[in-house]
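Here come two complexes built around chain A, the first alongside chain B, the second alongside chain C.
Our next item is the complex of A and B:
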């Protein structure tokens, strides 16, 4: 079984490395598809329905530094591994047609496999150093793929924002090269703290094996909160939690298949997944309730604010990106809530499983949505919501799939999203407790149908007729997302069977009530009676549309401060101290000194002897001293 | 019984009339071959005999020396004799005095030969440079001989004050260094090459010989340690603005001689003791200092023989007029770049200073190495930017190869260098 795990992890990478040596684009593509497919098959074979960290397997690499190639095989890693590898397979299959004729096939297919392997390392790793390799790998791959279209051409399709749009001297549009840089800079900020925290944990406890830390038991309590919060910065940035949401939104400059990969299968899920699987260890640390509370608050804040961004965005993919951030917020908040409830005496693992299931529910809904809207952009040639509409008439299969996936995403019963989201909302409500819990969970549930049906309503049902003839996407594109959207019903049915005893409880929850209210309003505003506008809400809409002016902060203020600080350091330290010292002062001093010394070289022998005699006298004085 | 090596030296001297009939370079080659063969007669100094034999043959192959070829051979034989005397002084202390005198005699023979070579261009500048060398060297030898006698029969302190002054003149330690700059800049390049490789190595070996016979007095050692540290700093600072090859290399030589002098004076001031160093293991501090002295002499001599041996101009107060790429390695060896030969003496000197608790001395040496870098890099650039095509000759290639091979094998040479 362990062999299967390693095959599942490394087959995509092997395929992508081999693809570098295949000259034809088709050859590269199908090689990576086959690698991804085999990886998915082996992930199923490697599945072990055991409790978290019950089964581990380690091969020593550099034991002195605590580095082992080690994996944990349990229900968390097993389900996550299958989810990641199968989604990767569907997405790369979709890419075969979607990326056909692209100008950079070698780059694309290499990093797709590299991305998958990196994410699978994170999924299965029991050793935090080994996990760090995957962690950095997804960071590198995300930079490479977000900025895939490095020529920054076709702004109407490949950029985020409206070219030329500016707010207070700051550009409000992002070409792929800039978006890639934004992503890596944000992620690296968190990764730096994350790395320090791993080193801290290793220095303090002598191991970075997650199972080993769990076995240490009470000894972990001495760790304190500092490494936990440093650690938290990694998942917060990687999973685009507030205030680090921005990179995820502008990551839409990558090809849509990459967006699907980042949002559904890899990258952003890595952060929240790590929050979940480390929770049993960190629950042992003294003061862990503050850590879990922070996780929950950051998550809830992200969920609400990102839902508003999704509701006000005017680009297909930006709406989906906002909803991703919102759902990641829900997962993080549910994980934080689980941790708090666990500390209050409830069984931790079942609560964490609930948070984890939301990763699954969100992923299988989000992947088809990205692929489907990728097909829409591919066919219509625009990324703007409202620029093209009534697509349900022309892309019937796609519209059907989008409806299914969106209903699952917003939490409509009996789709998979209903069960996972409602249970996660319960975690949040109970974690906050009292009225505040109901309000937070209710607000999140209320906003989801609004942004979801707005997208579907204004693109598939209403909106302007396409100017050119639009037809259904190629089967290689629509089969993967249709299969996945149908899976939302299948998984929903399975969850209904699994949680039949809780179904009634979920329907009666305040969160579901808020969802129904949101759904009714959304149906009225975006499906049955579109076109209603409110001038009173416009200022609020603008704040959401401008993404709470965070881009202005990151691209304007932070850049300005950094730029000026760098200039100040350059002028004061580099030029002022070092350049002046090394290039002006020292050469001047030594030049003068050297010239003075060399002036002794007169050529006159008498003087030479005189200097030598003077030297001899000095020697005599030194001896006598 | 007269030592067979001394007899050989006398035979070399007796060959002088042949110089009237035969091109001197053939005589130099013959002496080189003879030195090479004599390595079998004197196993303790075999390394020096072999090395000197090869170097003198290379120098002889590169230049038509005329009658001065014999001078070249004699100067090499003088170093061999000095080296032999040094090793015999240690091996047979009962004859130490005789061997020490033989060493001083070898120094005199080397000086006379090198004077001739420096002046062999017959230009006014050549003669001026050679004459300054001769005068300072003569004063130095007089002081050394006088001091040696005083140290043995009257007072070691007084004797070492005079001997130390003598070595200041002989080695070109500041402020008795001024002759060296003129000799390097104005002498013929082949004379300077000989001066660098034989004229610097001989007094260093004689210094070690005399230290084995009469250990330096502590008070004198302190004075000369201070002088040596000041001299290396002076030379490296002065070298910073030197432009011509002759002057750059002259300051380099003053610095190298100062490093060597500082090593032995450091030991005699702070006391000889056993020290444990990486690569060397446990040995006496004086043995380490002797190793530094010999390696400094070899580094400076071999590299400069290659550098000056490649010049075709009348005197070296100029830029290199043709590109000799192997000399880049020679310059890097002088700079002390690992793993070339020049890296080791500096490293051992720094380790020696640290091992006897003199971190300050180690820092001064390190700072001097840093200070010297710009002028070595200037010389490196001059070599590279000289007009092509590349015109490497036997001496430059040989010395560059030796800088690399001896550098890589330096830790293995210790037993061959330390008696």
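Our next item is the complex of A and C:
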């Protein structure tokens, strides 16, 4: 079993390293596809349902530091591992065609495999240092792939935002190289705190094995809240929780296959997954309810605000990115809610499982959506929502798949998304408790069909007729996303069977009611009667469209302060004080001193005699004293 | 005589320097390869110690000869290993580079290769010397050898820069020497000084202040850093690739073996903050630079701050981190300076504003340079090992919510490093391409890529496992109890 896990984890990396030595693009591509496929197969073979951290294997790496190559095989890592590796396989398969003829194949195929292995390390790692290797790996890979089109060419397809758009001196468009930088710097900020927190846990408790920490039991309670909050910054930035959502939205500069990978299978899921699998340990810490409350509030805030961003965005991928952030918010909030309920005496693991299932539900719906809209951008040559429409007539298979995946994403029964989302909403509602719980869960459920059907309605059903003839995508592209979108029904059926006793309860929940209201409005506004506009809502729309002016804060204010602070210190202190002191003032003083002493050298012998006598006298006096 | 292999390994680069001198009259390549081969025995011996955990001791005899006593334990072997490895890579790199530089200047490379072996032999000797005066003699040899390289092959106003280098490196060396003399007068002659050796308070403080000030000047930490950006930017690039990572780090080693075991514990927190301040300051200044060599020079200031921080934590983790930072910074910065050298050679520029989109110019170079930066930023290279060890050292020394400001400062330090590292990568390698054509695959590129690759491999087990275990086992003795 262990060998299978290690094969599942490392095969994509091995394939991608080998791909560096393959000269032809096709060779690279198929090598990584084969690696990903084998990894997926081994992830299934390694699947071993068990309690959290129940089965662990460890090989020492640097035991003095508490660093072990160790994995835990349980229900969470098992399902997550299969989800990640199969999605990776479908996405790299899709990429074979999607990335054909790209100008940087070596980079792309290397980082795709590297990305998969990094994420699988996070998935299976029992040791937090080992996990950190994967954690840094996904950060690095997403930086590399977001900025894949490093030449910053073709703004209409490869950039985010409208080139030339500015708000109060700050550019509101993002070429790939800039988007990559934004991503890595946001992540670095969280990761720095995350690193300190892991070191803190190791220094305080002597281990960073998740299973070991759980075994410590009550001893963990003395850890205190500080390391928990430092830890939290890692998942918050990585999973793009508010106010760190921005990098994820501009991450859309990467190829669409990369977006699918980041959003559905890897990267952003790493954060929320980690929140879930560490919750049983952190629940032991004294004061943990504050931590879980923070997780829940950040999550809920992200869910609501990102839904609004998705609702107002005018790019296909930006809508999907906003919806990813929203769903991550739901997962985080559900995990926080689970933690809170667990502390109140309910069984923690089943509640965490619910939050976890939303990762699955979201991933299998989101991956096909990204791939499908990637095909749309590929065929239509535009990324703007509203620039091309009525695609359902030309790309029938794609439109069908997009409908299925979107219905699942927004939580329509009987798709997978319905079960996972509704149950996650329950976690949130109960976590907040009372009316506020119902309101928050209701608002989140209400917004999803609006942004979802807006995207489908304005691109597949209505909108301007394409100017050029549009073909259906190549089968290597449409097979993966169609299969995945059909899987939303399959998984939905399985969940219906599994939770048949809860189905009625879910349908009667206030969250589902809010969903139905949202769905009705969305159908009316975007599918049946499109074109309804309201001037009164425009100011509100603008705030959402401008993404709450957060880009202005990050690209404007923060950068301005950092840039000018560094320059001011450089000119005032480094050049002004140090450079002048050492290289102007000091030489000047020495120059003056030497000039003064030079005057003593008169060439007159009697003067020299006088110096000698004076010197001798001073020596005599010193000796006598 | 004991341990002849240590002396043979250290003297070989100096002896073969003469052969390299002779060869350089005819062929720069031959001289470069002789210089590289001359360092192999040092690399092998230090590897045995670093990876195998062996300790070697050498003595040329009693009395005055004891000045030349040598030792090689995994802790100092980490330093010697870095010196010899980077020395070999830079020698290979120097083949095309110095040919280009000599043509530019219209002179021969004889002096460069004569002083190359003397410089590295001296530097390795300083790390292996047991006796305080032995350390001084060897470091002086390295300084003088490198002075000639700046004088003959430097850029800009190289006479002025040479004087600046001469003055500052000697202020550092002489301050250290004065500190050593104070220790000698109190009966301490050899390193590593046993932890807690007793000295009269006044002599102790004097010695510590002198050694610290000397070492800080050598490391170019905040306030005494001003010489470094000038010298490292204007030195011939192969020398920059050696000065920046391996020579300045000597100050950290000196603190570890001579000052730290004696230092009153009450001094340590101030040192911790000074280290962080240096790291943040250096990182901010690196961000501002437009000359890529000056940028890397300021980044060295920043990394030396990391090293001071590691030392100040006064535990096994901190000392291990210091040795690992020397190693990771050594490899990473060598890659980066060699990359700058590649640009100078083939694009005739050091100006970042004239770069951009260079990934397309040579993707292997870009990949290697990115790995170089990752070493500094502590991501998935041996730099990550130093970063993790440093974080553990910090929390082992200061554990509790009351140290929150220290944690924030530490995290800020990592962020500042990330900012200049990734901003520079973006400005140099990404964006619309500004240069046509394709960068050649030459010996320089091989050296750059190989160094980068090694810095990744050293993170992996079993290399990192043995490095960490061996260094930490010997670092124990340096911790102030």
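One rule holds in what follows: the second predicted complex is superposed on the first by the 578 of 625 C-alpha atoms of A that agree within 3 Å, B and C clash if a C-alpha of one lies under 4 Å from a C-alpha of the other, contacts with A are read in each partner's own complex, and residues count from 1 in each chain.
Going forward, contacts are C-beta pairs under 8 Å (C-beta built on N, C-alpha and C of every residue); 3 or more make two chains touch, one makes a residue touch a chain.
These numbers come from a predicted model, not from an experiment.
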Contacts of A:588 with chain B and chain C, given as first, second, both or neither: neither
Touched partner set for A:198, first chain B, second chain C, both or neither: second
Which of chain B and chain C A:65 touches, first, second, both or neither: second
First (chain B), second (chain C), both or neither touched by A:189: second
First (chain B), second (chain C), both or neither touched by A:603: first
Chain B versus chain C as contact partner of A:528, first or second or both or neither: neither
Partner contacting more residues of chain A (chain B vs chain C): C
Overlapping contact positions on chain A, where the chain C interface meets the chain B interface: none
Chain A residues within the chain B interface of the complex: 590-591, 593-595, 597-598, 600-601, 603, 605, 607-609, 611-612, 614-616, 618-620, 622-623
For the chain A and chain C complex, residues of the former touching the latter: 60-62, 64-65, 67, 69, 104, 106-107, 129, 132-133, 136-137, 139-140, 143, 147, 150-153, 175-178, 180-181, 184-185, 188-189, 191-193, 195-196, 198-200, 202-204, 224-226, 230, 562, 565-567, 569-570, 574, 578-579, 581-583
Touching residues on chain C, where the partner in the complex is chain A: 164, 223, 225-227, 281, 284-285, 287-288, 317, 357, 359-360, 363, 374, 377, 379-380, 384-385, 387-389, 391-392, 394-396, 399-401, 404, 407, 410-412, 414-415, 418-419, 422-423, 426, 429-433, 461, 464-465, 468-469, 472
Residue ranges of chain B in contact with chain A within the complex: 128, 131-132, 135-136, 139, 157, 161, 164-165, 168-169, 174-176, 178-179, 181-182, 219-220, 222-224, 226-227, 234, 237-242, 371
